[in-house]
């Protein structure tokens, strides 16, 4: 089965005692197995690996004093995705949805599905329910938006994006999620690594619940679905930020990679296709 | 030339010394002539007729003490509209726009055109400029929105409407105005009376500047363009409210009418098709 | 220990096959014990009692065909609240917060805490951390807002409320929750019954995590904290709606009650202080 | 009488035929006299000086083809301001306001005064009406906000600022204007040059109508009121942008200066305290 080597290097200048929650470790799921992984934190302040949220996001939790802080994480992840082509999968009528997916119908910070009911029925109501309708939502999102780094920020919600028609991966995911929920299709946000992303970065995509399980979608069309390695899952990006910082710290370096094939260490910097230093 | 008889009856319970600005008188323009008109205010507190705004809206300004207040206004208005069918009118390139129309390119309270630039070029950019493109904006507005009284209020802006896809006449006008301005077509709000409105009420529509003059549009399709009698003009409904109240007053009665043919008095209540008592 | 008798009667006219999630049952917690309870649904379409969300809200889930639907629920609940006076309880520094409360620091649909960081530190940053600071947030919320039924709706968020300064119980709770989270105090929404509410209705209040447990607060000051009977808990009102309706139904009747002392049946209508028929 | 030397240098890379409206010339008013002024546009594409808006903003209007475009403007302006200390000026009751100031009570794109009525009466309602109350609004604005360049953009309105509590000069002005209008005090935006601004830039402040004329206020406290040279006036910044660009152009240089004392030319670059190249 195919293996994807993923990882990241994050560095900060910390200026006050600060708590970090790093959500960068590859998730352990039936569809992806972490063969090897390694995390280094320097200085060696120690960290706890905890699980957060209903989906069990793996978080490295640590606290540090002022000074520089760096984290390097990498993993070889064996992928066993169910990749579906031209599927013929129905939506569930509401009364058949499993209890545990019902909360993913609720609006959330960045996915104000309650405001979009009229729009979705008008735009997608005539389509056959099921996988193909979610695919139509993805296509519409892709066509309506322009991928424009810098045009949105951490306050931007699905409704904002619908007005301004620009955004980045997380905005695409938020809009598609909000549209799904407004049609009573449970949908949730997935943060991950993605093969082939240009420039390399953390990626945001989403899942919709159809038939009897969650299906992965990427409205940006920036990475193949079989190249997506899950990190965290949540209602929206508020639940799956790669770094939550309580205190005072400035990022000085961020490098992210995802390549097909196993590897026993991070890529050498000089072979790393893109290094974004914030 | 055709005559339209318009008018309204407004009543309030005033609970503190209060100033009113009533913007209900038919405008005097090259396209409509006020043949007769009558205004009665009771109790007889007196009023000044003033002109407000760059377009010279006719305002009855008065001040009253606590107690009931009623205003009855009616007019016979001779209409001389230029009604254009399948017109072949160009937009002006920006440098040819007359100075005085340039402010109607600016965003305003209810028409946040600055946020819609991406959307308009994506949606209407491929169409030929001119009258037909504004008509396309009207058609799109009509198709995207559902006319739903009570779904919006006096805080609702074009961007809100674009999200929720419901509204009333003023919301339709605001959205169409915002879309025009975002394409560099000067556009402004018109409040008026409208023949055939069901139920009878004040109406909101808009004008776009094309070729060498303003053209009237009604995105709601609720009234024929030759049945629209202008009351006030402004950047948006904030400039053309039928009643601005500074103080404390509760509306107890609102009746509005607009019928083809002259008439020397308000319609008898029992023959008035619709009476809305708020 | 004191007993509170709570209950509600809800009726709908259903016009299409419709799923309901009723979140009206008193929660079972260490602080409140359901001694007796009764639910009647008519017509007798059957229902499942399920648990939803991380806090295990008790939901009656059912599906019905067009026609009238009525639900009557009542319970006698023995209360064992920890009511704290002039407490001297510290906030936790972030690194000591238990993992399971961390998600309640995230912004949510109606509590955009991410936008309020500057405001909270400026307004409450000089106060001693702990119970008294959350109390100060409650007091500020109470003082800044005017309780005004009808001034908000199901789209209204904490930021909207902060602008318009009016709202009802759920708006008070949302604003206080958002302020707490912006200060890194975990906070969550609680829906419930409340003794002494005038007029009787479902109530919304909130909890903040301090020291080593959740503490209850009611920024509206409309009910004594020892008279609050929990129904549901969640990130905000999106997670704790008393009725989620998927389909088409119009409410025709809503009666809610909460009285001190056990009772073996709903109050007689003629002795029910307030009956609100929507 | 004192003279202030003001000016700016703006440069663009134009990539398509583009219209510019430059609103950088010092206004000619009873309170400031333009002794000398000079404008150079290169390449020499010609320009028209037009007057825009009800306050007669002086605009340089031009059109250019792709390529570089630069504008240098400077003026010596004799100042005759009425600077008032501890004034005892009343607000006008509404019915005494001159007709022409009434439109400055309406909400506008960046000053949503209609949403702030509750807040202003609650916060400032107990204060004596008049100059001192507007001063209190300025003080409150100053105290609530943090001056933070980069925290807002051209979409940011008074309500946004009220939530996030950060902004720059135009945001301070918008918030203060919105608060004034919500109290029925006519208020308008003024763009200008300001002596002592650090770093030098265009400045935004506002006027309130009190007694029988407009009074100048600067909620940022960044420049002395007698060092403010008016460029343009309008409902908000939408009416008084220093450059409106219809077409495609990227700014490559912006230098702004305002110094006490006449000068016959722009300051030498090497003596120019701050040069911001965008």
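Lettered A, B, C and D in written order, each chain numbered from 1.
In this section, a contact is a pair of C-beta atoms (placed from the backbone, for glycine too) under 8 Å apart; a residue touches a chain by one contact, two chains touch by 3 or more.
Nothing here was measured: the structure is a model prediction, and the numbers come from that model.
> Among the other chains, which touch chain B and chain D together?
none
> What chain lies farthest away from chain A once each centre is taken as the mean of the Cα atoms?
B
> Can you work out the whole-Å distance between the CA centroids of chain B and chain C?
43
> If you average the CA atoms of chain C and of chain D, how far apart do the two points sit, in angstrom?
About 47 Å, centre to centre.
> Going by the touch rule set out above, which residues of chain D reach two or more other chains?
Within chain D, the residues that touch at least two other chains are 115.
> Taking touching chains as linked, do they make an open path (line), a single closed cycle (ring), a hub with spokes (star), an all-linked set (complete), or other?
ring
> Applying that definition of touch, give me each pair of chains that meets it.
A-B, A-C, B-D, C-D
> Write out the stretch or stretches of chain B touching chain D in their complex.
Residues of chain B touching chain D: 19, 21, 50-54, 61, 63, 93-95, 99, 102-103, 106-109, 111-112, 114-115, 154-155, 184, 235, 238-239, 246-247.
> Could you list, by residue number, the parts of chain B that touch chain A in their complex?
So the residues of chain B touching chain A come out as 115-116, 118-119, 122, 144, 146, 159, 162-166.
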